[in-house]
Amino acid sequence: MIWDFFTFIRAATEFSATALLILLGCMGDAMNQGGEHKFLVTSVHYGLTVMVVMHVFGFVSGAHANPCISISCYCLGHIALEVMLMYVACQMAGAFAGYLLLLQLLPKEVVDKSKPGVCLVQPMHSLSTAQVVTIECLLTAVLVLGWCALWDVRNGRFLDSVTIRMGLLVVACHYAGVQLTGACMNPASTLVPAIFHGNPDAVLLQLTGQILAAVLVPFVWNNVYTPRYKPLEIPVYN
Amino acid sequence: MIWDFFTFIRAATEFSATALLILLGCMGDAMNQGGEHKFLVTSVHYGLTVMVVMHVFGFVSGAHANPCISISCYCLGHIALEVMLMYVACQMAGAFAGYLLLLQLLPKEVVDKSKPGVCLVQPMHSLSTAQVVTIECLLTAVLVLGWCALWDVRNGRFLDSVTIRMGLLVVACHYAGVQLTGACMNPASTLVPAIFHGNPDAVLLQLTGQILAAVLVPFVWNNVYTPRYKPLEIPVYN
Amino acid sequence: MIWDFFTFIRAATEFSATALLILLGCMGDAMNQGGEHKFLVTSVHYGLTVMVVMHVFGFVSGAHANPCISISCYCLGHIALEVMLMYVACQMAGAFAGYLLLLQLLPKEVVDKSKPGVCLVQPMHSLSTAQVVTIECLLTAVLVLGWCALWDVRNGRFLDSVTIRMGLLVVACHYAGVQLTGACMNPASTLVPAIFHGNPDAVLLQLTGQILAAVLVPFVWNNVYTPRYKPLEIPVYN
Amino acid sequence: MIWDFFTFIRAATEFSATALLILLGCMGDAMNQGGEHKFLVTSVHYGLTVMVVMHVFGFVSGAHANPCISISCYCLGHIALEVMLMYVACQMAGAFAGYLLLLQLLPKEVVDKSKPGVCLVQPMHSLSTAQVVTIECLLTAVLVLGWCALWDVRNGRFLDSVTIRMGLLVVACHYAGVQLTGACMNPASTLVPAIFHGNPDAVLLQLTGQILAAVLVPFVWNNVYTPRYKPLEIPVYN
């Protein structure tokens, strides 16, 4: 990986994209007034935030804003290992910066009202360990499948509305699982609030499910759903 | 039909697509907390799930994920009889697998709370037999018309946002009929939960309406709405 | 206008499109359970129904499904007078057929519950005559402006998601005005339920506003928003 | 800037676009019945209104309908200073005209019910001055970033669904901030209702944040996210 201006731009974009995802998404989550359909409202706002991030930054760095997506992107051979590591580091730093800024911006009464904490997820008590891991893995797998489809050459002509489709995919998956596991499908936005509240162990199961999906789905995609469009083995020098 | 790797991919994709449709769609249905606009929430989530399935698997096998669509596709001459039968078999198997997995993932309290059962539909009591069959037939007909339009050569340039349009079409049709007949518009997701609850007879009327629409609409499409774009009579060898 | 098979197809399509608009749209309206956000739910379902109709029939006849749109289309010179008259006649007949079928399909308890009647609109009592006409005219004008933009050559490359945009435009306009004038923006769906309930005079003000918009907007569009893209004066022989 | 017919068209379009934005958006706001999810309903309607305005007028004048966007457009070098000033003047005039017309159209009971006034925003009491300015600046920055992405040459092939994306971006940003600062992100629709209610000072903080975002974001866009696609330095004669 040559450290040039273009690399800086991609790093800065992943940092900004993840910071924006956390800042805007968690601001909407904190301002949710609750009530009958509060989970749908949360899901819709989270999905729209993903769409905003992809619309603004999509053509600069890809706008993964999610370590799982960068890992899958590497597993499929679309980016090099160094780029993936840089993306993940920038995403984690961006998530920290976004969450820190958010806590400065929200009034104290709003922060205190959020239980267990702003953007902090908790699995449903009656779920077993295996159920939490499997559900989070399945939902993250759907998200990664959506990205695999986006990156596939067969989908190359249909990229105009793809940010809207990915946003709506997040709405569907998040709504299905938000009461079960939190359904973040994103290690950055799962881990950062947990670290801020001094309890990163509480989200270990979800992280396991997410990473599992990030690694397994590209393997399945290449072997089950891709007939002959194998990626050309060109050495990548970026 | 030559049984090659490409055929395997299409079969695996229809299996996965229907399993995902049932798994994700019924998970959202089971987690619906009820309340004033619960039917709209169910419809929106079902429609978004259809969009997700079409986005992920659309360019691999077509992502019918619905026996009615495969039957109509065959009636219009887009796929061969053997392909249609394989698609329907894979769809039914996928629906079974998806529903089975879902029941393992949901906590017992959520499954017990779902009345009459997770994703199980019941027609409104005050509807006559003819009304149930006609309403389900009409709503499925709209869905099949949407697919006929998607497949039409005149629509060939407008496929970018078609998955979103089909998802929203499902929202509109499902919301209109969900309280009347259940408005599944999909024999796989109508029949499988009914079989699991030991009562497949209860959904016979809806199935009749759905199959009726799948057979009638392609005939109407070809004879009333298609002026000269008759499909070329090329023998199909797949 | 030569009465050939293509003309028959266009007439049958406008008939079907308007019947579907009334059938699906008013079915959703009748099944609305009320509650806090019932007007938004009605608006969303009405907008989605417009999108469904345009998606299915858009490339066959244009899928106006609304006499106002056909009148504006004629005023802009896109269709001939005979075609416009045929479209309007088919739309009114389709609206009648759709409403008649709907009343057969809905159970009696649902029909009785709808006040003042299924899909029947009433202006807010505190509005003056001029306010009802102006509001309905303004909202219909926005709808017609949306169609003028759709038909404009400058918009020719951006037609993929136009059915979704028009559906969302209907949501926005309908929600703004539904409590004020009913905000049908469509003489067919305004008049037909009123005739069925024996009271067509009650919707005269809305009809006046709608027709006014249909005639005025094309004039404004051509003179204020169109710099040099005047339609070529080619005699139309269809 | 040569004052020709094309300039008149652009001025008239910005006037109409902003008038429509205020008229339709504030009509929906005034008719909002409140209740649990009233802020989401307001946000959705405001976002859809932005989409309507961009769909109808987008290809005529760009449909900024927002002084911030015109300022950013000038800062990026896409329009000349005179054009920007003309756009802003027309937008303010259009906002006045739209708000004036709206007050004539709404019945007195609806106007009286709106607290503190139709479309009038108030920051949350517990927010400090710096918090109000920063939040409004951040949300407006996201909107401006969305426009920067829209204008970018790298996005040139993906303009079909861009009006929907911008509408949904407005939904996401407005919902996140509506309870905090009002989240108008538009000096025209922030200032005009405040002037009508004789209290323009009350929105000074929001205006500061908005203008700040309009000036800062283009600078950041050009220096951080744009690697080599510098705008060609061609003298602009319009």
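A, B, C and D label the chains in the order they appear, each numbered from 1.
One rule holds in what follows: a residue touches a chain if its C-beta (ideal position, glycine included) is under 8 Å from a C-beta of that chain, and two chains touch if they have at least 3 such contacts.
The chain lineup, named per UniProt: A, B, C, D = Aquaporin.
A quick note: this is a predicted structure, and the numbers were derived from the prediction, not measured.
> Keeping to the contact definition above, tell me which chains border both subunit A (Aquaporin) and subunit C (Aquaporin).
B, D
> Over half of the interface residue numbers used by both subunit A (Aquaporin) and subunit B (Aquaporin), so same, or under half, so different?
Here the answer is different, because the shared fraction of interface numbers falls below one half.
> What angle, rounded to the nearest 5°, describes the rotation that places the Cα atoms of subunit C (Aquaporin) on subunit D (Aquaporin)?
Rotation angle, to the nearest 5: 90 degrees.
> Let me spell it out: compute each chain's centre from its C-alpha atoms, then which one is farthest from subunit D (Aquaporin)'s centre?
It is B whose centre lies farthest from that of subunit D (Aquaporin).
> Rounded to the nearest whole Å, what is the centre-to-centre distance of subunit B (Aquaporin) and subunit C (Aquaporin), using the mean of the C-alpha atoms as each centre?
Roughly 29 Å separates the two chain centres.
> Could you say which residues in subunit D (Aquaporin) touch two or more other chains, in rising order?
Within subunit D (Aquaporin), residues 36-37, 159-161, 164 contact more than one other chain.
> So in the complex, the part of subunit B (Aquaporin) that touches subunit C (Aquaporin) is made up of which residues?
36-37, 39-40, 124, 126-127, 131, 134-135, 138, 142, 145-146, 148-149, 152, 154-155, 157-161, 164-165, 168-169, 171-173, 175-180, 224-227
> With touch defined as at the start, can you tell me which subunit D (Aquaporin) residues reach subunit B (Aquaporin) in the complex?
On the subunit D (Aquaporin) side, the touching residues are 160-161.
> Please name which positions on subunit C (Aquaporin) make contact with subunit B (Aquaporin) in the complex.
Listed in rising order, the residues are 5-6, 9, 12-13, 16, 20, 23-24, 27-28, 31, 33-37, 41, 44-45, 48-49, 51-52, 55-60, 104-109, 159-161, 163-164, 167.
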